[in-house]
C-alpha cells in the first residue's frame, strides 16, 4: 500500500482523473450547444427585460447597471448549475466517479472547472455587449470582464455544493436557489463594488483582491463539500 | 485517555433521552428565571438612554436573541461536523433540533430590531445597518437548511445533506459579515449603529449580560425539547422506546 | 486473452457479516452472512423489492446505511476505501455511458478514471498508449461495437448502450465484478459472450457478485436468496419483547 | 424602580408601544418554541405506546406463558 511505486501512482492519478473528467465534460459541453449558450442568452434576455422595466433613460440605466449585471449573471449561472450533476446522476456516470479509486476531490475540481470555463468564458467575451446595453463606459469593460470571470468561478464552485446535495431530489432548481443564494452575498457585494469603484475612479485593488481570494478559497474548499454532498445523494 | 465513556454514551439515544429528561426542567426554569429577571431589571430599573430614551430597552431582548442566533448556527455546524466525522447518529439529531430554534431566534432579532428602528431612525428597516442586514442573511441561511431537511424523504440523508450546507454556511458567515460591513461603509460612511461601544454605561450592561446568559440557557432547554422529539421520531420502532413511552404515559 | 493478467496471485475473499438493512419502517434484510472465495461467483436471488440492488450497492460502498460489515481479504471495505475500489468494477442499473460521447470516448474516460493504474496491474504499463489502444479495440470487438465506435451513444439503441457499459469488463483488471442485471437488453449472442467472460474471469481466480433472472450455466455460481432473509411480516421489528 | 407610577412604566415616555410590542412578540415566539415540540412529543409517545400495546396483545393471545412474561 505504501509502496514507493504506489505513492508515485497516487500523485499521477490525481491529475489523471482531473484531466480525464475536465476533458470529458468539455467534450460533452461542446456537443450540446445549450450548455454554454443558454446561460448567455438568459443573461442578455433578462438585461433586456430590466431595461424595459427601468426605461430608456441612459443615466438611470447606468446607475443600476452594476446591480443588474451581477444579479443576472448570478441567476444565469445558478440555473445552469442544476444540470451540473443531474445528467451524470441519471446516466450512472456519477456512480462510476464515486467508485473510482482515484481521489474524488480532483475529479470534482475538474468537473466544476469545466463548468466554470463554459459559463465564465462566454460571460467574459460578452461583457462589452453588456456594457453597451447598459451604458457602462467602454474603459471599464476590461475590469467588468475580469470581475465576471473571477466571480463566475466562485459562483460555479460554491453553487456546485447546492447542486450536489439536491441532485437526487425531484425539486432541484428552486431548492438550489434557497440554499445557495445566501452564500452568494459576498460575490455580489465585491463584484458590484468592483464596478462601482471603477466607475467612481477609485483604486479597485481591494474588491479585486477580495474576489481573487474568495475564488482561491472556493476552489480549494468547495470540492470537499461537493464530494460529501454527492456521496449523500448517491446513498439511498 | 481520561474518560471517553461519556462521548461514546452520547451515541446511545436511550441514555441520552433519560439524561435530557433529567436536565430539561433545571435548564428551562433557570434560564427563564434569569431571562425574566434580567428583562424586568432592564425594563423597569435602568435609567433611559440619554439619546434614545426608553426605546433602548428593546436592546435587552434584541441583542441576546441576535447573539444566540449566530452562536446557534455555529453549534449546528459543529454538530454537523461531528456527525460526518464520527458518523454519530445523535449529532445529526442535535443539528436538526437546533435549526428551528435558531431560525426562530433570528426571526425575533430581526423583528425586535425593526421595531427598535422605528423610534430611532424613523423607519422600520434601514439597509445601512450592517448587522441587521447580516442577520437577515443568517435567517435565509437557516431557511435554506430547513428547506433541505424537508425536501429529503429519508431522514438520515436529509440530515447529512443539511450538515454539508450548514458547514459551507459556517465558512461563509464571517465573509458575509465582513462583506456586508464593507458594503454599508461604502454606501454610508457615517455608520449608524444601535449601540456604540462607549455609549453603554455599565449599569445598562449588567442586565444585558444576564439576559444573554439567560437566553443561552433557554436556548439549550428549547434545543433539548426539539431533540427529544427528534429521538422519538427517528427511533420510532425500537423496543426501549416502547418501554419508555409506556412508563412515561402511565 | 493475452492482455489479461491473472487477477491476483493471492487468494481473495469477500465476507458479508451479519448484514442488516432497514428502509423507512421496513426491515429490508437481516442476518445476511456469506463468504466468497476467488474463483467463485455469487448470484443474489429474490423477489422484486427484496433488496438485491441495495445489497450490491452495499457491497460496492455506494450505500452506507446498514449495520454489519463487509470485509475484503479480512479488512473492512469502508476502511480500505480506495484500495478496495481499485479492485472493484461496478455496473449499476444505469449504464454509466455519456450519450453525447462515442463508445470509444466513453471507454477512454472510464479507463482513465476507473481503470487500473500502473501500480495495481502488477508492473505492466497499461498507460502504454499502443497497448491501451489495442485493448480498447479488443473491447469494442468483443461486444460487436467496432462499426459504431465513432457514433455518439445517443444514437445507439438501449442494448448497444448496455454493450458499451459491458465492454468495460474487457478493459477491467479488477478482481471483483459487481453487476446489477448485466443481461438486461442484451441479445442472445451477447449473453453467450458475457457468460464466456464470466467463466474466464472466475477461472483466473476473480470474483463476481451479480443479480439476474437469466439462468446461468456456470457451476461456479453460488446463490444467495434474499427472500430467506426478509423480516417476518406483521409486528414492528418481527418479534418484540419487553 | 426607575418609573414613578405603573402608568409611566406602561407609557415609557411615548416609546411604550414599541417596547411592549417587541417584548410581547418575543414571549409569544419563545412560548411557541416551548409548547410546539412538547405537544408533538407527547403525541408521538402516545402513538408509540398504543402500537406497542397492540403488539403485546397480539403476542399475548396464543399462549398464556408469553403473557405472564409480558406482565413482569
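Note that the chains take the letters A, B, C and D in the order they are written out, and that residue 1 is the start of every chain.
The definition used in the following text is that a residue touches a chain if its C-beta (ideal position, glycine included) is under 8 Å from a C-beta of that chain, and two chains touch if they have at least 3 such contacts.
Computed from a prediction, not measured in an experiment: that's the story for all the values here.
Engineer: Tell me which has more C-beta contacts between its two chains, B-C or A-B.
Structural biologist: If we tally the contacting C-beta pairs, A-B comes out ahead.
Engineer: If I average the CA coordinates per chain, which chain comes out farthest from subunit D?
Structural biologist: C
Engineer: Taking each chain's centre as the average of its Cα atoms, which is closest to the average over all protein Cα atoms shown?
Structural biologist: Chain closest to the assembly's C-alpha mean: A.
Engineer: What is the distance, in whole Å, between the centres of subunit B and subunit C, each centre taken as the mean of its C-alpha atoms?
Structural biologist: 47
Engineer: Could you grab the centroid distance between subunit A and subunit B? Build each centroid from C-alpha atoms only and quote it in angstrom.
Structural biologist: So the centroids are 32 Å from each other.
Engineer: Report the inter-chain centroid distance for subunit B and subunit D in whole angstrom, where each centroid is the mean of the CA atoms.
Structural biologist: About 19 Å separates the centre of subunit B from that of subunit D.
Engineer: Roughly how far is subunit C from subunit D, going centre to centre by Cα mean, in whole Å?
Structural biologist: Going by mean C-alpha positions, subunit C sits 52 Å from subunit D.
Engineer: Spell out, as numbers or ranges, the residues of subunit C touching 2 or more other chains.
Structural biologist: 65, 236, 240-242
Engineer: Residue numbers in subunit A touching 2 or more other chains?
Structural biologist: In subunit A, 235-236 touch at least two other chains.
Engineer: Provide the list of subunit D residues touching at least two other chains, using ranges where the numbers run on.
Structural biologist: Where subunit D meets two or more other chains at a single residue, that happens at 51-52.
Engineer: Sort out for me which residues of subunit B touch subunit D in the complex.
Structural biologist: Result: residues 28, 39, 43-48, 53-55, 57-58, 61-62, 65, 100-101, 104, 107-108, 111-112, 115-116, 118-119, 218, 221-222, 225-226, 228-229, 232-233, 236, 241-246, 248-249 of subunit B touch subunit D.
Engineer: So in the complex, the part of subunit D that touches subunit B is made up of which residues?
Structural biologist: 1-3, 9, 12-16, 18-19, 21-23, 25-26, 29-30, 32-34, 37-38, 40-42, 44-46, 48-49, 51-53
Engineer: Inside the complex, what are the residues of subunit C that reach subunit A?
Structural biologist: Residue positions touching the partner: 60-65, 82-83, 85-86, 88, 90, 92-101, 105, 109-110, 112-114, 117-120, 152, 165.
Engineer: Where on subunit B is subunit A touching in the complex?
Structural biologist: Interface residues on subunit B, with respect to subunit A: 84, 137, 140-141, 143-145, 147-148, 151-152, 154, 157, 160-161, 164-165, 167-169, 171-172, 175-176, 178-180, 182-183, 186.
Engineer: What does subunit C use to touch subunit B in their complex?
Structural biologist: Answer in residue numbers: 24-25, 65, 236-237, 240-242.
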